[in-house]
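Okay, got some structures for you below.
Look for chain A in each of the two complexes below; its partner is chain B in the first and chain C in the second.
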Partner chain A sequence: MVISPVQYIAIPLMAAFLIPLFGKLNKDLARIIPGLVLLYLSYISVVLMNQIISSNTIIVEIIAGWRPPWGINLVFSPLTGFLASMFSMLGFVIWMYTYNFKPEVDNAQKQKFYVLFMMLITGATGIVLTGDIFNLFVFLEITAISAYSLTAFYRERDGAEAAFKYLLIGSFSSTLILLAILLLYTQVGTLNMAEIALKMPGVDPFMKGVILILFFVGFGIESELFPLNGWSPDVYTQAPGPIGAIFAGMVVKAGIYGLVRVVFTLFDVKEILPLLVIIGMITMAVAEVIALRQGKLKRMLAYSSIGQMGLVAVAFGIGTHDSVFAAIFLMFNHAIIKGMLFLSGTYLVYNSTEKTLDDVDGIGKHLPFTSFLFALGALAIVGMPPFAGFWSKLYLLMAAADVRLMTVIAIILVVSVIEIVYYFRVIHRIYFRERISTIELKIPSFNAKLAMFILAIIIVAVGVYPDLISGFIERATTDLLDKQSYIQSVLSVGLK
Partner chain B sequence: MNEFLTISFYGTAIVLMLIGLYAALAKKNLLKIVIGLSIIDSGLHLLFVAVGFISNGTAPIFSPEVLESAQQMVDPVPQALVLTAIVIGFATTAVALALVIRLYKHHNTAAIDEIKNLKW
Partner chain C sequence: MNSLILLLILVFGGALFSYLLNKFLPILRDGFVVLLMLLVNYVFFTMDSSTQIDFEMGGIHLQWAFTSAAFLFGIIVSILGLLSIIYSTAYMKGKDRLGYFYMNFLFSIGSMLGILMSRDLISLFFFWEIMTWSSYFIVIYSGKDVDKRGLKYIVFSAIGAYSMLMAIVIIYGFTGSFLLTDIFDSIFAIKASYQLAIAILLMIGFGVKSALMPLHVWAPGAYSGSPMSFTALFSGALSKMGVFGFALVLFNLVSNQNWLVNEVIAWLAAITAVLATFYAVIQSDAKKLLAYSSIAQLGYIVIGLASGTYLGVMAGLFLAVLHAVFKGTLFMAVGAVERQAGTTDMTKVSGLIRKMPWTFTASLISIIALAGIPPLGGFVGKWMLYEALITSDHYYLVIMVFLSSTAAFLYSYRILFGLFLGQEEPEFAHVKEAPLPMLIPMLLLSGISVLSGTFPGFILEPIQDAMVVFGFDSRIPNIEWWQLTVLFNSWGDKVVLQNVMIAIMGVFLIALAFITIKGYRKQRYVTTKDISSSGEIIQPEDNMTFQIDFYKPFERAIWPLLKRRIDDYYTDLGNGLEALFDLVRRIYNGNGQFYAIYVMAFLALLLIAGTKYFGF
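The block that comes next holds the complex of A and B.
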């Protein structure tokens, strides 16, 4: 079988529609298929990444024989390929975790879960791979609609309320993005991102500003930037635990990718970057202070996730090569570490209805493995050496110091202290308090333990040897900042 | 006359979007909010079609008779986009309505003020 980037979209989408059919044949088949799909996607990620890194090219896939700028094309470059590979592999780990999650949930419900899960993978991967701005919107909506439904997955919780809130804000965001695409089309007469980037210098500055603000607000909502992130704490709290990991690892990552692609490639306006820094800093400061006051575990993780996205926005906003490198590194770290915190945190408060911090008191003696991994994740996310989070924060601080942004450094350090306070408070509760709560604990199944363990291994391995990953990130950074070669390689495809 | 037609297209589209926005923000009933969102979508779709519209334009199908008058064709791209956007809007509305039903069963009311288990 020929390996091509289009399989990232075609295979999970097909699987999503086939799952109910296969579920009729054999009820276990519906659970196994997503794993096989994600395993295959991880395999093609390895092959394709190898191919583009070793031959130093990017793969531009022409769909239906219409070469760019007329048809839709997929771009598998070091940046998009890195994110697509990350989504596939993280997706596989999360699938492993969900395989035996909540055995009491009946089979029809599980099938729905996996259908939506596959749709979400399709959408998130599609957002990063596509080279067409309207196609990006379509994938954004696929992601959003499956995300709304997954939020409301549990009937007995307030999921529907959180999902409705998310839907209200989300459809506002998609309206703005659609309007921006329309205005962009009236100005440049094309939807291909490379050609838009090529024609952008000729656009009237006023229209440029309007379109950029529309995109900024639209993608800002998806990537949890202040003040547009009202949806996310409730969504993280009400959605099933593994879905929190998917939101943190994929949905918001795809959102920030959209924002960055628009700002860096399509518009290339340096004036907007300070705004990104300021918004990022406000997001970070506000979210971390609110996280300090949270009494519920998942809500605390949600605010921490918003804070981390603020940090990513700051890093992208500084705009130098080093800081973009730090930003992509942060995206990767946040995806794996916050993923692991959600996966292990879910078992810490498994049977509790309120999921408050009191429920984790003294749990270290009863669930040693899960508690240990949660503590490891907490240390990693605040940036303790020798874990992965340390390097990305260090690179970011170094990049900020290079351009003499002392205020930014000061705020990041203060916010890190706040982060340490609220994460260490949880670790303290886990290990140094007596357990008084009488809620029955749930021992993680073997595959859930394995999934969390894999993420922990990655966190420690990247922490000890950052070179494992920094080569890929270096290439991704160069790819994002080199607009000309992006335009060149997309528009020259199929020209003979 | 033709200019009037164009302006009225744009005007209707913008007015529709504003009406929808008003309904989505000011109304307290969940169903009315969903209707508001749907009206915003319709306004935006109309705006799409209006952008590609040329008065006295022909359908964008190439045939020997119209080959010389390709300038007079309406732009097919916004029409293709709007078809996709309509389907997406339909899907969003369907999910929204499903959530409204779930919320109504859960809380026995459709007033957004009375559904306050989470902080808004």
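The block that comes next holds the complex of A and C.
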């Protein structure tokens, strides 16, 4: 089979439909197939990334023979490819984790879970790969709908309420983005992102501003920016544990990708960037401050996640090459580290109904491996060397210092102190309190341990040797900031 | 292989390995860690001083090398590291989580060596943070009062580290480089206000680790709460990293252009020295006492450095080395008492001198060194410090130092009396001398204390080399170290020790002779007017000594100074912030409608304001 970016969308989508069918044949097949799919996607990620890095081009895939700007096209560039690869590989790790996650959940439920999981992968990957703005909207809807359903996956919890809130706010997001696309179409008469970018300078500034604000708010909801992120703490708390990792690693990342793509490539207006910095700062400060006062583990992680997204927004908002580099690095780090925190944290409060911090007291003796990984993740996310989080924070601060944003540096660092306080409080509890809770502990299955361990290895490896990943991120940064070559390579495809 | 990398691989690899060893072959663990530290010392001392590595990581140019200043501090780290590891093998026997303990112990040693060899700010910060969290994990090792003690330590460390990081990125923003050598050249080109900001931020960073007031509040708890084997290293070597940083910043980045910074630092250090000494005097726990004493001693060191004169810096560095030696010994001795007698509360334990004679000897020597009584090294250091302050016209600072070192006699005496002298209590009759692995490091270190007083040259020689790094020229005549002694000083014009020494020795000998002759008469007849016993015959069970409220009058006298503790201000601040945070939390009230309103309001606001402010 010829490897092409279209498989990123076609294969998981097909798998989503086939899972119930295969589930009829053999009930284990339903949960094996997603793994195979994600393994294959990871494999093509490696091949395609290799291809674009070595040949220094980007792959533009034309769908159904209609070349851009008429047809839909997929763009596999250093940036989109990096994100798509990250999604596939993270997805594979999370699949490994979920394989034996709740053995008591019956087969039909499990099938549903994996169908939705596959849909979500399709949607998130589609958002980053597509070169068509309406297509992006469609993928955003796919992602959102599967995310709503996954939030409400456990009927016995308050998942439905959280899902409803998410649905409510999420539909705002969809409406606003759709509205923005409509308005944009009236102005430029095309839906192809490259051509929109090309025609953008001719658009009436007022309309441009309105459309951009609609996009900003729409994607801002998905990327958890304050004050649009009311949905997210509940969702993280109520969704099944691994789904938290998926949210932090994929859904939100796809959201911020959409925002950044619109701001940097489609509109290329520098005036919105200070807004991004300010909103990012507020998001970060508010979220971290609230996280400090949380009594529930998953809620704490949720607010921490929001805070990190604020940091990413700040980094994108500074808008220089270095800061965008830092932002992409932060996205990567947040995906793996917060992913691991969610995965390990889930086992720490596995059987607890309230999932309060009291439940993790003294758990270090009973679940040494999981606790250790959680502690490692906590050290990494607050930016302690030699873990991955350190480098991204450093690069961000360096970038901010370059443009003399001393206030930004100061606020980031003050917030980091708050972050340290609440993460270390949990470490205290895990290791230095006596266990009083009588809730039965769940020992992670081997595959779950392996999944967490893989993430831990990546965190340490990147922390000790950041050059493992910085080359890819460097290319992705150049790719994002080089609007002209994006337009050029998309519009010139298939011309000869 | 390059010996710098070898050193790091040894320590960090050894740390991980010792963790695994504890899991699978605990019997080999102690031997392994001691052997490892011996190896580290071997590599460290046989290293070629010109060894240097340059490499790129994450697009940042890093450089590692041991300068002579770093080497001086490296000596403290490696030797004290080795001795405290040896001490640990006995001290920690029978405790659980030893793999965790040794791993973090070795991580701290490795990170300290890393800090010293860093010739660029990124590696410095990198190792600094590793040092922070590894030492933090040992601070909370005992599990007692973790939320308060541990959190205080990590929060203050984080504040320090992040101010440092901010300074580092500002420096980078202006000079475009992290290499110390580049920065030293170009730092004075940047704006004066930023220069001051950088200096202050770095001072906060290093001030936290060297426990400078008002950043010291973490130290008493952290020092007294960690296992004593680690505190020896913590107070002896880890806090010296702050001193090392101070020296780097003061002489290379701030320079004497900013004399005000120097003055402020010197005064802060002097206040630290005085107040911490007072706190030390009123402590009844020996560990707490030593913790406060450490803070005070670090104050002297920083005063010396901040005075900025040749002699002052030399005194500061000399005291830094010496403090590591005697405070290391004292913490080990107190640890020995803790292990053998079960408590270090000076109101409970007493009269251990016959039970633990060697521990007492080591403590006595260290106390003499600490109090600055000749002929031990503390005297030499203090003398140099006084001399330096007087010759540079810091008369008020001299008064402060004098006040503090006089008060230091009080606690010096108290710790000796409280633990070792006084009446023997039946409850401590079972106490035995500490095992050999604990005694040997103590006695070796007290040996160094004695040596440093008689032959200060062997410490002053590396210090003199180190000072070249800080921009001073070498002034000591080129002589061998054994020639530079207290009694036969061929050193120079400033410090004339020998006359003083001879006078003091004379007084000492006369006193000794007097006591000997007076005590020669075995029997002593007591008159009825002798109020100490009023003619009664004292029975062994009568308590003739007192240990509770030992310095009550003194305590009463200094009470106004200590009434309102800095600690309380921080606690109030923390509580206030938490209340504020709770208010912020109300934003997310869990009501979906509110969230929807937020979205709409935000959108409306952007649409209204956006056209105005974002210039569409």
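Going forward, the second predicted complex is superposed on the first by the 496 of 496 C-alpha atoms of A that agree within 3 Å, B and C clash if a C-alpha of one lies under 4 Å from a C-alpha of the other, contacts with A are read in each partner's own complex, and residues count from 1 in each chain.
The definition used in the following text is that a contact is a pair of C-beta atoms (placed from the backbone, for glycine too) under 8 Å apart; a residue touches a chain by one contact, two chains touch by 3 or more.
Here the structure is a predicted model, which means the values were calculated and not measured.
A.B. asks: Taking the superposition on A as described, I'd like to know which of chain B and chain C A:H428 touches: first, second, both or neither.
C.D. replies: In the superposition, A:H428 touches chain C alone.
A.B. asks: Let me test your reading of the model: by the given contact rule, A:D467 touches which partner, first (chain B), second (chain C), both or neither?
C.D. replies: A:D467 sits against chain C, while chain B stays out of touch.
A.B. asks: Quick check on the superposed pair: does A:V289 touch chain B, chain C, both, or neither? Answer first, second, both or neither.
C.D. replies: A:V289 contacts chain C only, not chain B.
A.B. asks: So in the superposed three-chain picture, is A:E141 touching just chain B, just chain C, both, or none of them (first/second/both/neither)?
C.D. replies: The first partner, chain B, only.
A.B. asks: Figure out whether A:L178 sits in contact with chain B (first) or chain C (second), or with both, or with neither.
C.D. replies: In the superposed model, A:L178 contacts chain B only, not chain C.
A.B. asks: So, does A:A401 touch the first partner chain B, the second partner chain C, both, or neither?
C.D. replies: A:A401 sits against chain C, while chain B stays out of touch.
A.B. asks: Chain A residues in contact: does chain B have more, or chain C?
C.D. replies: The larger set of chain A residues in touch belongs to C.
A.B. asks: Quick check on the superposed pair: does A:P385 touch chain B, chain C, both, or neither? Answer first, second, both or neither.
C.D. replies: Second partner only.
A.B. asks: Between chain B and chain C, whom does A:E354 touch in the aligned arrangement: first, second, both, or neither?
C.D. replies: A:E354: touches no partner chain.
A.B. asks: Regarding the shared-chain residue A:P227, is it in contact with chain B (first), chain C (second), both, or neither?
C.D. replies: Touch partner of A:P227: chain C, not chain B.
A.B. asks: Which residues would you name on chain A as touching chain B in one complex and chain C in the other?
C.D. replies: Overlap of chain B and chain C footprints on chain A: residues 164-165, 168, 172, 230, 234.
A.B. asks: Enumerate the contact residues on chain B facing chain A in the complex.
C.D. replies: Touching chain A from chain B are residues 24, 30, 33, 37, 40-41, 44, 47-48, 51, 77-78, 81, 84-85, 88, 91-92, 95-96, 99-100, 102-103, 106, 115, 117-120.
A.B. asks: For a test of understanding, state which residues of chain A touch chain B in their complex under the given definition.
C.D. replies: 134, 138, 141, 144-145, 148-149, 152, 155, 158, 160-165, 167-168, 171-172, 174-175, 178-179, 181-182, 185-186, 191, 230, 234, 237-238
A.B. asks: Taking the touch rule as given, give the residues of chain C at its contact with chain A in the complex, in rising order.
C.D. replies: Within the complex, chain C contacts chain A at residues 56-59, 122, 125-127, 129-130, 132-133, 136, 140, 143, 146-147, 150-151, 154-155, 158-159, 162-163, 165-166, 169-170, 172-173, 578, 581-582, 584-585, 587-588, 590, 592, 594-596, 598-603, 606-607, 610-611, 614-616.
A.B. asks: For the complex, which residues does chain A have touching chain C?
C.D. replies: 164-165, 168-169, 172, 176, 205-206, 208-210, 212-214, 216-217, 221, 227-228, 230-231, 233-234, 269, 271-272, 274-275, 286, 289-290, 292-293, 379, 384-386, 390-391, 394-395, 397-398, 400-402, 404, 406, 409-410, 413-414, 416-417, 420-421, 424-425, 428, 431-433, 465-467, 470
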